[in-house]
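All remarks here apply to the structure that follows.
Every chain is named by a letter (A, B, C, D and E) in the order it is written, and numbering of its residues begins at 1.
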Amino acid sequence: MTVSYTLKVAEARFGAFSGLLFRWRGSIYKLLYREFLLFCALYATLNITYRLLLTQEQKRIYAQVARYCNRSADLIPLSFVLGFYVTLVVNRWWSQYTSIPLPDQLMCVISASVHGVDQSGRLLRRTLIRYANLASVLVLRSVSTRVLKRFPTMEHVVDAGFMSQEERKKFESLKSDFNKYWVPCVWFTNLAAQARRDGRIRDDIALCLILEELNKYRAKCGMLFHYDWISIPLVYTQVVTIAVYSFFTLSLIGRQFVESDKESSPAPWYLDMFVPLTTLLQFFFYAGWLKVAEQLINPFGEDDDDFETNQLIDRNFQVSLLSVDDMYQNLPPTEQDLYWD
Amino acid sequence: MTVSYTLKVAEARFGAFSGLLFRWRGSIYKLLYREFLLFCALYATLNITYRLLLTQEQKRIYAQVARYCNRSADLIPLSFVLGFYVTLVVNRWWSQYTSIPLPDQLMCVISASVHGVDQSGRLLRRTLIRYANLASVLVLRSVSTRVLKRFPTMEHVVDAGFMSQEERKKFESLKSDFNKYWVPCVWFTNLAAQARRDGRIRDDIALCLILEELNKYRAKCGMLFHYDWISIPLVYTQVVTIAVYSFFTLSLIGRQFVESDKESSPAPWYLDMFVPLTTLLQFFFYAGWLKVAEQLINPFGEDDDDFETNQLIDRNFQVSLLSVDDMYQNLPPTEQDLYWD
Amino acid sequence: MTVSYTLKVAEARFGAFSGLLFRWRGSIYKLLYREFLLFCALYATLNITYRLLLTQEQKRIYAQVARYCNRSADLIPLSFVLGFYVTLVVNRWWSQYTSIPLPDQLMCVISASVHGVDQSGRLLRRTLIRYANLASVLVLRSVSTRVLKRFPTMEHVVDAGFMSQEERKKFESLKSDFNKYWVPCVWFTNLAAQARRDGRIRDDIALCLILEELNKYRAKCGMLFHYDWISIPLVYTQVVTIAVYSFFTLSLIGRQFVESDKESSPAPWYLDMFVPLTTLLQFFFYAGWLKVAEQLINPFGEDDDDFETNQLIDRNFQVSLLSVDDMYQNLPPTEQDLYWD
Amino acid sequence: MTVSYTLKVAEARFGAFSGLLFRWRGSIYKLLYREFLLFCALYATLNITYRLLLTQEQKRIYAQVARYCNRSADLIPLSFVLGFYVTLVVNRWWSQYTSIPLPDQLMCVISASVHGVDQSGRLLRRTLIRYANLASVLVLRSVSTRVLKRFPTMEHVVDAGFMSQEERKKFESLKSDFNKYWVPCVWFTNLAAQARRDGRIRDDIALCLILEELNKYRAKCGMLFHYDWISIPLVYTQVVTIAVYSFFTLSLIGRQFVESDKESSPAPWYLDMFVPLTTLLQFFFYAGWLKVAEQLINPFGEDDDDFETNQLIDRNFQVSLLSVDDMYQNLPPTEQDLYWD
Amino acid sequence: MTVSYTLKVAEARFGAFSGLLFRWRGSIYKLLYREFLLFCALYATLNITYRLLLTQEQKRIYAQVARYCNRSADLIPLSFVLGFYVTLVVNRWWSQYTSIPLPDQLMCVISASVHGVDQSGRLLRRTLIRYANLASVLVLRSVSTRVLKRFPTMEHVVDAGFMSQEERKKFESLKSDFNKYWVPCVWFTNLAAQARRDGRIRDDIALCLILEELNKYRAKCGMLFHYDWISIPLVYTQVVTIAVYSFFTLSLIGRQFVESDKESSPAPWYLDMFVPLTTLLQFFFYAGWLKVAEQLINPFGEDDDDFETNQLIDRNFQVSLLSVDDMYQNLPPTEQDLYWD
């Protein structure tokens, strides 16, 4: 489930964000603890090797290697590349969210423009809105792993009531190498045109409005598909990943507390700590920043913080059927309001 | 209340922004003084402990720890991550503000297109605009803590005149797991369609225009809901918070004026100040920058600088009723203007 | 008056921008010279005190304080916070400019759709466009100090011909705590609806088009009002201001050329300059950058570079009356063009 | 083929991005290995020359040159200029992708509004949508090297069925120095107008809707053309390229492990490594970052990660013909859905 | 002429951008060589003065000044301010390009909606589109130095066929302090309204569509005018320019290879080079970055890379006349396409 926490920090009171540090679901700890343990294990191994197994001469050489690694790590401008990269990923992430098609506009227009309380009027409205929902299910199946798990085959889509067996046959008879989410949209337009001919839609303008709303809906389906098809160029992601990983590999070696320090320049600030606090902090910081990107680069996965696509599909289907059918011309009585005259 | 101060700095005269430093409402001082006092208290405690309680040997060790912390603090690129993060938060904040639905467009269109000076004409126009206002109240209740305090139950919404008892029953009979702000919108469209049938709306184009404006209005309600549901990913906020907090924890330890400095390298620039001015300045700077994010991440709370949602609701209701009812066909006489030929 | 200089740098010829350094109106010198003089005066005072009044022992202590300040100043990442803050301010500044409502679209539509060359046709078109202009004057009065100076009371608005006495009475009889710029918009829609009934507007689509354009116009008025009401959060501005001011306070103390340098480490690079060139340069640079923000944060003030709101109001009123009245159906004869063949 | 990899990183599980490092297609390795080998070869040559051929005196001079180069390399703020430049390029890249015209909206509208199941109705619909596809082929030919390879002459466009011989003659009889992608759009509008006259399009609003959708389609074609015509200013690209190239030239010389180090200051941290690990890492990092820009600056080339323009053209043509012809009024039977009553 | 080079770098092959370094037109070399020569000349003068004319004592002082300058130069965060400033300029540059009005949409709509193959039908369509072109010429004259050179007086506009003598008289009889590009737009709307009355435009919706397209066209003209009127605030440009210029002034003095280095600390890394390679590189880098801004701040000048406004005007006029006149109802015969079966 999406992690909504802003209500908890509605006021900027004392240490507002500190409360957020004690959460587990969707937290940096949950995302990062495995990498963290691995990093610690590797660090400890190296540390023990150094302290117990190396000869004095080997230690001296190691110390040189460590210094070299340390200086190397400083030459990688991690914060720059992470700042720009994460900004890019976050912008895409939000655009993807706003591209999830919602039938609300469409259902308002259908409810107002497609008339008839009889059986065939109901059928018409329900079928129109069902087609719209079907299109979004089809595109979300190809985009979201959660939705694909729920609807592994077209049979599941039929079983869930988004499609009839007849429609499925027709749908599958059309061959295309690409996603066929546009098929229900074309059905929609044809059905709307037919409704206009039959007088269920009473005027040309209403038809025009419905088609325009459908186009907006379809455009959002298309955007979702495009965001899925065209990833952030692999090279960029690789550059960032290599930068972060090599930084930590260098840190692993370079941040050991080596003895030779003491000998050559017994600086007063030398301190042999067994736990490299700073390095762990840096790990949390940089690896966490990268995790932001890892989590958001595909917000249709099954991370704690990914979009609740299945709930959204259910909500959309339920709400849209409700509003074009049960609520059609089913108005509360209009009465004078409190401030009447 | 929102803090508007730009009028005070309309001219870029001598030290224009300096005047802004002496404000309390919505200021950094008000937001930060508790954290600041805590920080000072901790610093003082540590300082006293160091000076009075530690032995010479302990002091020497402490000095090493302090140096280590000091260098560690420098390795966290706070300004980078804060710069990018705060930019993200500020952009979301402004988008949220512009998503607050305003009925102005809708009321102009209704006033121009829904006709009849008689009782039922008035009732129709008032009911339509009331539904629109109701939708925004419903969504703001779920988003803004201020509005929820004002309308803790649906009963309060009814009492405030946004809803009749009949409507409330109908509204509550509809079951949905999600926010039901769309219900009044569907009522609106149905009522508008009915008005078209009754000839109160005289042509199809006017109906179409009303539906389009309603859709824009509803889209804004939807955006508010989405901004509330989908927070900035928790990981990002945690990364930033951990970075800032650990920076100050390290500063707390590392910025003490330790004696061993003097001994080992009696540098001429050593200075034992009891008040760590720089560190406090840095605290103000970085913690203040984080406070910007804390305050804006949920602009619907009760901070000094959060949006005045309750006033806006009142303004919208008052203004929209006024313009569709009292002002309907109530025009000042048209006369020749000053520059008439 | 707005300072337009791009024509001067249309070509990227030799030292193109250098020419811009010798301007006074709207320049950094004009905006900054007072702060600059103050800074120099304080620096000189401190310098003289140090050289003439302090004992050798005091000088030694001062040298330590200076060093401490110097290192402190380096810890404030001014360029980061200024970069992000000024970018935010500049974006808002341009959005505010593009939000200034222009009647050009509206006047074209009115000129094409509201018919009649007789007295009442003229009156109708002039009144409609006058209402639109009135709305923008009302909102600009509350936003721009220049416009408020020109129209301190509603009486002045009436005197300038934007409003008749009758309209003013009606306007003032409506009570609202918020800006009432929407009132003329509602009048506009009602008058347009009446014109449609009277057949002055010949078809529903033309009315619809006029209402849509009015809504766009009103939306811009609304945006201006919102930009004025919701400032950039005070905290952000304060953080930036405190950062810049404390940087310069620290520089003032720390950048003095203190003697003790020479004694302890008579570095060959020591240089006793009486004028702290670097510091002054930094002052110009950082304080100038902040001045960009100070000037743009409210572009409706009376700075050299602020928007020419009064001229715009005049231009809009003149142009829009011209085009709906004098130019109505007053076309140059259509003749065959040069390439007719 | 475009490299879509986000599905592989849908979950932010353990070391999510690490899996991306072992890909070849579209990877940084494939893009960079030639430059990398060249860099290594040059480095090795220089290294061997230094170790084997230089006299002791020459080595001493070389050491000075190396130090000078090393310090020089640090003075170029590569990460800044790369960060801003790559952000610009990535934004343009995505805008270009979203500018690729898709006929989906148009085909829905044509299918709903252009009537007749007879021969001439089919012909009309097919011709309209073919014109739209033709326009996009014409513009993509001038933009994409892949598409130009597929359609080197207009004859190829005719052979592929996008154009008839008659149309080609007419098209070629029109002279213009600029791309003529707008010609099929004008044909489209004229044909649509004719269809309206013939009653194939039954009402004015449908025609208006078709024209509006065509205009959106044409606008996208135009944007593609503009993005191709107006490159990112050459100067900017040159500045970035010079910066990166000179950085590596300086590194080549400066990062050699020179002996004189040892002599003058036999620091304990000196380490004679034959492989300059850090420098190679930096090379990967900075050159890889530049490669992101190189790959995206023209996304219509034949890189692994460039857009699949030819597949898109095929998909669009196939899908649009299908939906305006085969699917026209070819609806699955409407039946009651699963949740009826 | 605009410099389009992306086709040359369509593939990210070996050293893709390196090819761009050997171009002259629009290159950094062409833009920068004069400044570069000046910089070298000044550097050489100073160098010779130092080596030949100064006494030993003067050299010692100079060395101190140089060190001071060197450290000062490092305190100016050039890359920050340039990064943010150039990003701002580049965004404005592209927005300005997309604001250039193109008549393509308008000509499609006119061709489809304004009927009649007779003389007066042709005249009507040609006149309408000519008015649109005239508006863009009028606004481009005030914006682009190239266009102003081509049309120094209104007489030239008449001679070029954009305006008749009658129209010019009418145009000049209207007085306004601001640009009058809106006048032909008002003529356009009046002429369109008249065409509707005469039945040349057959329905209200077509008229509405034409007016909407005209409004979009006019809005772009307006944006061009605004971008010209409201420059980036002078202060910002001055801050950046002062920063760059003072950086190079300081470099000029500070980067001389002074002898006293050697004496006081005969570091092994000292190197007396007569050509300050690094400094020249930095000059190329920073001054080149500034040149990007200089070139783009007014893209309507006569730089190599500025927009080809005159060609665009010609193209627009030619294409739009062609499509509303010659191509009107001049369709290729519709035949069955290749995939008909």
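Keep in mind that, in the parts below, a residue touches a chain if its C-beta (ideal position, glycine included) is under 8 Å from a C-beta of that chain, and two chains touch if they have at least 3 such contacts.
It should be emphasised that the depicted structure is a prediction, and the values quoted were computed from it without experimental measurement.
Novice: Same or different for chain D and chain E, where same means more than half of the interface numbers show up on both copies?
Specialist: Different: fewer than half of the residue numbers at the chain D-chain E interface appear in both copies.
Novice: Roughly how far is chain A from chain B, going centre to centre by Cα mean, in whole Å?
Specialist: From the centre of chain A to the centre of chain B is 24 Å.
Novice: Express in whole angstrom the distance between the two chain centres, defined as the mean CA positions of chain C and chain D.
Specialist: Going by mean C-alpha positions, chain C sits 38 Å from chain D.
Novice: Residues of chain A touching 2+ other chains?
Specialist: Only 31, 80, 83, 87, 204-205, 208, 291, 295 qualify.
Novice: How would you write out the ring, from chain C onward through chain E?
Specialist: In ring order, starting at chain C and going to chain E first, we get C, E, D, A, B.
Novice: If you look only at chain C, which of its residues touch chain B in the complex?
Specialist: Touch list, chain C to chain B: 31, 34-35, 60, 63-65, 67-68, 71-72, 75-77, 80-81, 83-84, 87-88, 123-124, 126-127, 130, 145, 160-161, 164, 166-167, 169-170, 174, 176-178, 182-183, 185-194, 204-205, 207-208, 211-212, 214-215, 218-219, 222, 226, 228-243, 245-246, 260, 263-265, 290-291, 293-295, 297-298, 300-303, 306, 321.
Novice: So in the complex, which bits of chain C are touching chain E?
Specialist: Those residues of chain C that touch chain E are 2-7, 9-12, 14-18, 20-21, 23, 26-28, 31, 79-80, 83, 86-87, 90, 93-94, 97-98, 102, 104-105, 107-109, 111-113, 115, 202-206, 208-209, 213, 268-271, 273, 277-278, 281-282, 284-285, 288-289, 291-292, 295-296, 305, 307, 311, 315, 318-319, 322-323, 326-340.
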